[in-house]
Amino acid sequence: MRKMILLICVLALATVGIAPLAAQDDMMGPSVMLAPGEDLVIGFGAALTGEGLAPFGIDIRRGVELALEDRPTVTVDDVEFNVALDVQDSMCSPEGGQTVANRFVSDDSIVGVIGLMCSSAAEAAAPIFDEAGFSTISASATAASLTTSDFTSFNRTVPTDAAQGLAAADIIVNVLGATNVAFIDDGSAYGTGLVDVIIDAYEELGGTVAIRDAVTVGDTDFRALLEDISATDPDLIYFAGFNAEGARLIEQRFDVGLEDVPFMGADGIYGSELVDLAGDFAEGVYATRPIPASSDELDAFAERYIETFGEEPPSAFNTNSYDATNLMLDAIEAVGYIDDQGDLVIERETLSEFIRSASFDGLTGVIECDGTGECSSADIGFYQITDGAFVQQELEMMEE
Amino acid sequence: MQETTDSGPSGSKSRPKRALSFLRVQNAYAFIGLVLIVIFAWVFFVIEIEPQFYLQEGERARYAWDTFISQFIIGLAQGSIYALIALGYTLVYGILFMINFAHGEVFMAGAYIGFFAINAAEQSGFLESQTALAILLTMGVAVMGSVIVAILLERIAYRPLRGAPRLVPLITAIGASITLQQLFLRLFGSSPRTYPRISLFVGQGMWGCEPVDGTTVCEGIDLISKSYDVLIFNQEVRIRPFFFVILFVSLLLMSALWFFIQRTKTGKAMRAVAEDKDTASLMGINVDRTIVITFMLGAALAGAGAVLFALYNRQVTPFMGFIPGIKAFTAAVLGGIGNVPGAMFGGLFLGVAESVFPSALGLPNQLKDVVAFGLLIVFMIFRPTGIFGEVLSEKKA
Amino acid sequence: MDQPLLNVIDVTKQFGGLTAVNSIDLSIKPGLIASLIGPNGAGKTTFFNCVTGFYTPNEGKIIFDDRPIQGMSTDKIAKRGIARTYQNIRLFGDMTVLENILVGMHHRLTAGMWRPILGLDRAEEADAITEAIRLLEFVGLEGQGDYMAANLPYGMQRRLEIARALASKPKLLLLDEPTAGMNPIETDTMMAFIRQLRDELGLTIFLIEHDMKLVMTISDQVSVMDYGRKIAEGTPKEIQNDPTVIAAYLGTNIEDEEMEAEA
Amino acid sequence: MMNQNNLRFGFLETNTLRYSFYAAIAIFILTLTGIFGTFAQRDVIQDTLSLDLVALVLVIGVPALVAGRSSQSDKPVITILNSAIAGLIAATAVILVVLLETIVPQEELMFVFNNYRPIIGGVATLGAGQDNLIMGILGLLALSLILGGIVGGILSLPQRWMLAILSGLGSMVIIGLMAGQIRNLVTPSDALGVVGAFVAGYGAGYATRTIANPWLRRLLGFIAGGAVGIVFLVLGNTGAFAQNGALLLGGDPSIIMGGAVNSSLTMIIGFGIVGLAGLIVTSASSFVHNSAIFLAVVFALLGMLNVQQRMTVIMAIVTFIAFAAATIFIPPLGTQSNKQYRTLSPQQKRSIDVITGVLALVLALVAPVFMGQYITNVLDLVMLYIIMGIGLNVMVGYAGLLDLGYVASFAIGAYTSAILTTPSIFTTGCIPFEPIADARYAEMCTGILTNWQGVGILTFWQAWPIAIVVSAFTGMALGVPVLRLRGDYLAIVTLGFGEMTRVLTRAQITAPVLGAAQGISPVPFPVIDLTSLNPDWYFELSNASTIYYLYIFSVLAAALVVWRLSGSRLGRAWRAMKADEDVAQAMGVPLVRTKLLAFGVSSAFAGLGGAIFAAQLRGIFPDSFTLLVSINVLSLIIIGGLGSIPGVVVGALMLVGLPEVLREIQDYRLLVFGVLLVVVMLLKPDGLIPPPIRQLSKQQKVPQSASPQPNTQ
């Protein structure tokens, strides 16, 4: 026993002695240095395997790939550097996010990171990126808390849920005229967060919540839930979640007599995948997405997407990630310089500062970063599925 | 086996002896009856009595008979599919005492292979011209697919471990389950595949006549895709005939299985192997073959269930087997694992419970799994070996 | 010596409609070797199970050491001083021989959860192991302590099971067919061993046995069961001449008997 | 290998046909998953060897290997021929896909096989396109024959040579894939210094064999290492290790030389300890000896990688040679050291064991300095699973109670600690209330923010034990209703607990306390505040490298506690209960108490891990608490060997660490993981390291009584 205590004391002392060693692990300097001819590596983290969300992750990756196709190199002071992508599966879990973040920060040749995809992963990863002075630009992590928690590394080219939620509430009450709405989320951080925001705004606008419930991701039979909803006679069903569950809800509505009740969702169900899954049942479904207006550039981009990957984009996030990549590359070109030895130097801090105040015309509208990491304009587009495709709707407010 | 009374405490106090099995089934039915009575009493209370305390004049209660009836029928349909899968768990457990964790993936494989079959039928126009036949063929192909996967599974992952510690096959099963999921994901992609929307009209001229443009059109009833408003017990309820098709087909398949186990020679061999593998092999029964047949039977039911499931819910993904698999396993245990009628009843009960109870208890539907597993735990406390107990074999787990 | 150590009064055990043990009275005085015999299926093991607490009798009393024990759980009864072996050997197969014996000492040791964690159970463990090794020597298993129990030969497993029972320092030892499956030489050794148990350790022994030679040689008292009832009791001599016993055996399955003896 | 019914026709064995047929089916399917397309972009050796080529080689080589191994012939020619045939059959599967691609229209093929990308023109046809497809196919066939033959040839070599080649190739691929992660771990100067000191110590060990006094020898080893340290110190002071210094070009400023430890005395002592380690292993068991030397080899290679920065051809060759040579030459040395170890007296053995243990511990404590955030983070997760595995082992491995809902206890520990340490949770359900929003985490966890509105907010150190106790007691409480259940019924009920946890943590009705899907965030990180002792002693355990220490102490404590328990009266009762519940009870083991203790102890470890996990993530989200956690923990203890503590470590490394290594094969990660799970269980049904048999009678001093005397009870 005495030996044990002694051992513990020795170990404790040893740790106390070593801890500063480990704490001073900021080996990786605040800058990236690249010799001529080396690749400039950008990290990418999204959910690429696993259930349900992988199509989104792949879609986001494709946006990045298209951006890199446009700009395979960056040029700093007339020296060209190839851009390479380090793709990592961050899954949709906090520990997945943290692992990938640690992986990126421990490879000090990685200049910046596009991602992470899911809010929960991004939130767990942000402190690690902060500590290493990294800059990340997410194309899909929309949780409101990400830009209100003083993270220095986090930026996004997609509007916060708060913006989309406010817009959605406004559309529900003032455009669709619904005042007795059933809200469903998918139990994810995205879904519940969005519904939380909408309900607050919606109740303020005078609406009543008919029922609030959630589905389980991966579950298939939602008819019992829809029966409960049907008993409340809602004017509208609002769903915050993703395609697979959205399509099932849309379709199973018909089995419980809710086919005449309009169905509305957010960017999680915007995209061709929903129409593929739900087919004719999806006719008339509403959705919002964080892109204010369809433009020629957007159409051309969509065409190019189909040409390259052989299918319609399953979601809208590829455009956001296209913008995110361009923002990152712009920033690198702007802050990078060639030092006396001919190496490219990118100081992380100036990179971060640049991104946080960047502003340019992107595919999804004006990208203007406000200093908290919020880069997307908060304008929201409103769409309805007509003849098997999402068609933008004019926002005709009923009153005002 | 009369000897059991004298062969030492090979069972335990909590495990009644064989001599009682007759009585025990009686008890099981009594138990089910009791449970049903409690449930109906509660539903009656919630719908008829409770609202009188708070409902204003002219207001409609949220939870009424029509909701209950609809949810009950929906639950039966869902439960039938659970039961079909549960039978696979139960058959394998009854013989090998192992949880075939990959059975959900066998189900998934059937749905995928069925998808390609029905897709081909749709492309060739066969589906439209001979709908019923095409669906039957699809089912056949799906069953074959499931069976092949199950045979491979048994061959590769389980058979070499016949003598290994009990938990080892459980881990290979988990490994096989992950492998199959990922293999299908890599092969067929992560986006869900969707079964076509099929209409199969029956009873032209008998039901389903509608006045269209002044003339009466009798297209009959669409057994698969459409739903109809029907009066049941004076309640207007939306019914999709396919609910009953699922129930009916499942019951048919389960009876066929029951007949197979009870009456055929192979079925008797299965029961003998379940009772005692060594003795069975001494009696000239080919144990390996019997075990393979058991796997095939379970897989066939899962394959058929998968097509029903896919016609019903349409989406097919590599991960679709996981949740139904867990639920079916729960159902099998609820009924008494290793027990065929138990799995049937357990599946139906779990389906109905999931569907009805959250609303009846006034809880959000989100908590349906909590309700389902809560019930399971309560049942397990009262009946530690499931509602029907273990009948396929008397051996200790 | 007058007070019986075990006193069973009118014990009945039913399984549903089947009465396995039908109002048995039996008492054993300390220091005796008592036997229970009867045809297969007579309810002998069920009776053992009632005494050791595996079954709760439907009726009747079981008094051990002046206190009623019926309905108590088996671990409490074990604590009172009854230990047993099983017809089909039931060792803890994937534990070593020594560990099996140490489990037998369970209720005599005192360490709970905290003392081992803090390393304060060393002295107790050392004593227990020393005692267990002595016990092994006593039953003739010296040097086998670190083998897996399941890997021992059959005869040694029997002895280990007895050693495990002895480890709990019982007052009454119940042996369920201790010579089942043994050849005549092994049976003789076992017989001597049982006697040694009583003589050297002063135990009271109650055994079920089919081997009549053994029963008649070492028993002080023999009880006979048939169809759940006790049909006779007495010294070996008395039993050998009892007409009901002879009828029971001849009338039922004397063949089994002979086979048993030959085995 | 399995050898049932292996007949031979001419030179061809049926096993060869059997295995290569299975392999061909697997390869056919694998090719259809688009494996060659996916791997085409990934380089193992820069600009020389891409991953799809490695995949092709594996696809042909593994069947050849299996076929060659199963061949019973001792004639090398036959082995070689069989391997070649197996390789040929395997290649046929790839060619079938090529043919399929030419027959079936591409969009139809891709409709069914979503991830399939055309392989013609890729590595599978050796670069040949549609025009000279025949040549490509023939080339592949020829290649497969040759490759199979080579594999067969390697198999026919003496075992040690064969192992050497395989380990050389394997480590080359692994280091090549991980180059980006590990290239900055060790600088060349550090590597040179440390390996130099080690070698000096090792040499001293051999030189001083004749000296009898062990402590004198150890001192000499220490001095030898220290001398190397002094040399390097002098060199360092003359600027040899400056960034572009003369000794080795291109290295970063080193950790040891120019980094954190500036005191020359500390550095000399450090090198001395390395020298001591080098000396100790010359007379340690072969396991210790071999692993130490392999570690040194890896260290040297890392130093070289730091210079090269990529897996260049030279680096690949050096890696191959280093590992091959190590595999050939180290084991004989190990045998020698083992021999020496055997001849020592028990006391000396013990002292060597103790020193090895302490050195290993020191190594583990220093490791995060070298490993970088990523690897440390992976190790953190591995250790988390080790803690949970040790805990679950109590339940499953010892007490035989199958638990599929272990995640429930884990979640309870994590949430308890998160709730107790986070101020925001009691109010608005996770949005930090205003007065605290600006406060720094450190202030929160040093307890400044106590008694906010009557609710005490605790530091991590206060919340930790509470979390453990809460977990233990809820574990016991959940155990009460299921006491009567056995085996798989218990499994399903516990699975139910796990699933209920999953639903309840994200349900709306629990949102005010648990935060639903948004979880609880931010959870403050632990702070060790010893400023009262020394103003500099203020440590924030805020990143992977620092939280590592929390984990490693927990692992050691958990292992110690469970090791002690398993050999105690309680542990024996658990194992007896597992073997036969009824008999155990009849031997006086009180079942209820024993079972509940198993539930409690087991849950306590999950709670312990959960609390650290919450602090590590700095937030708790329901996504972390899925059935997969329970399954993973259960799998790792079974793969490692039920009831074995080293088994848990190996199992956790394999099940948690390996998927991270497999990250490099991206989309195939989980597929390989699943296959490995099956394969390991098939090859080692008792686990990788089955629990040891406790040699109680040896550990006991010889019984006092020499003569067998009757038991005087």
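A few remarks follow.
Per-chain residue numbering starts at 1, and chain names A, B, C and D are given in the order in which the chains are listed.
FYI, a residue touches a chain if its C-beta (ideal position, glycine included) is under 8 Å from a C-beta of that chain, and two chains touch if they have at least 3 such contacts.
For clarity, every value in this text was computed on a predicted model and none was experimentally measured.
Innermost chain of the displayed assembly, by C-alpha centre distance to the whole-protein C-alpha centre, is D. Ranking every chain by how far its Cα centroid lies from the centroid of chain A, the top place goes to C.
In terms of their C-alpha centroids, the spacing between chain B and chain D amounts to 39 Å. With centres set at the average Cα position, the gap from chain C to chain D is 50 Å. If each chain is reduced to the centroid of its CA atoms, chain A and chain C end up 72 Å from each other. For chain A, the set of residues that touch two or more other chains comprises 49, 187, 212-214, 216.
Annotation for chain B: residues touching 2 or more other chains are 9, 12, 182, 190-191, 364, 366, 369. Chain D has residues 503, 507-508, 582, 667, 670 in contact with two or more other chains. Interface residues of chain B, counted against chain A in their complex, comprise 62-64, 67, 70-71, 74-75, 78, 182, 185, 190-192, 194, 197, 227, 229, 238, 240, 309, 313-315, 317, 319-320, 322-324, 354-356, 358-359, 364-366, 368-369.
Taken together, the chain D residues at the contact with chain B in this complex read 29, 32-34, 112-115, 396, 402, 481-482, 484-489, 491-493, 495-497, 499-500, 502-504, 507-509, 581-582, 627, 631, 634-635, 638-639, 642, 667-668, 670-671, 673-678, 681-682, 685-686.
Against chain B, in their complex, chain A makes its touches with residues 49, 51-52, 54-55, 58, 187, 212-216, 218-221, 223-225, 227-228, 230-232, 244, 247-248, 251-252, 254-257, 273, 276-277, 279-280, 314.
Across the interface of their complex, chain D is touched by residues 11, 14-16, 18-25, 27-28, 48-49, 86-89, 92-95, 98-99, 102-103, 105-109, 120, 123-124, 127-128, 131-132, 143, 145, 149, 185, 187-193, 212-214, 216, 310 of chain A. Interface residues of chain B, counted against chain D in their complex, comprise 9, 12, 14, 93, 99, 116, 156-157, 160-161, 164-165, 167-172, 174-183, 186-191, 326, 329-330, 333, 337, 363-364, 366-367, 369-370, 373-374, 376-377, 380-381, 384-386, 396-397.
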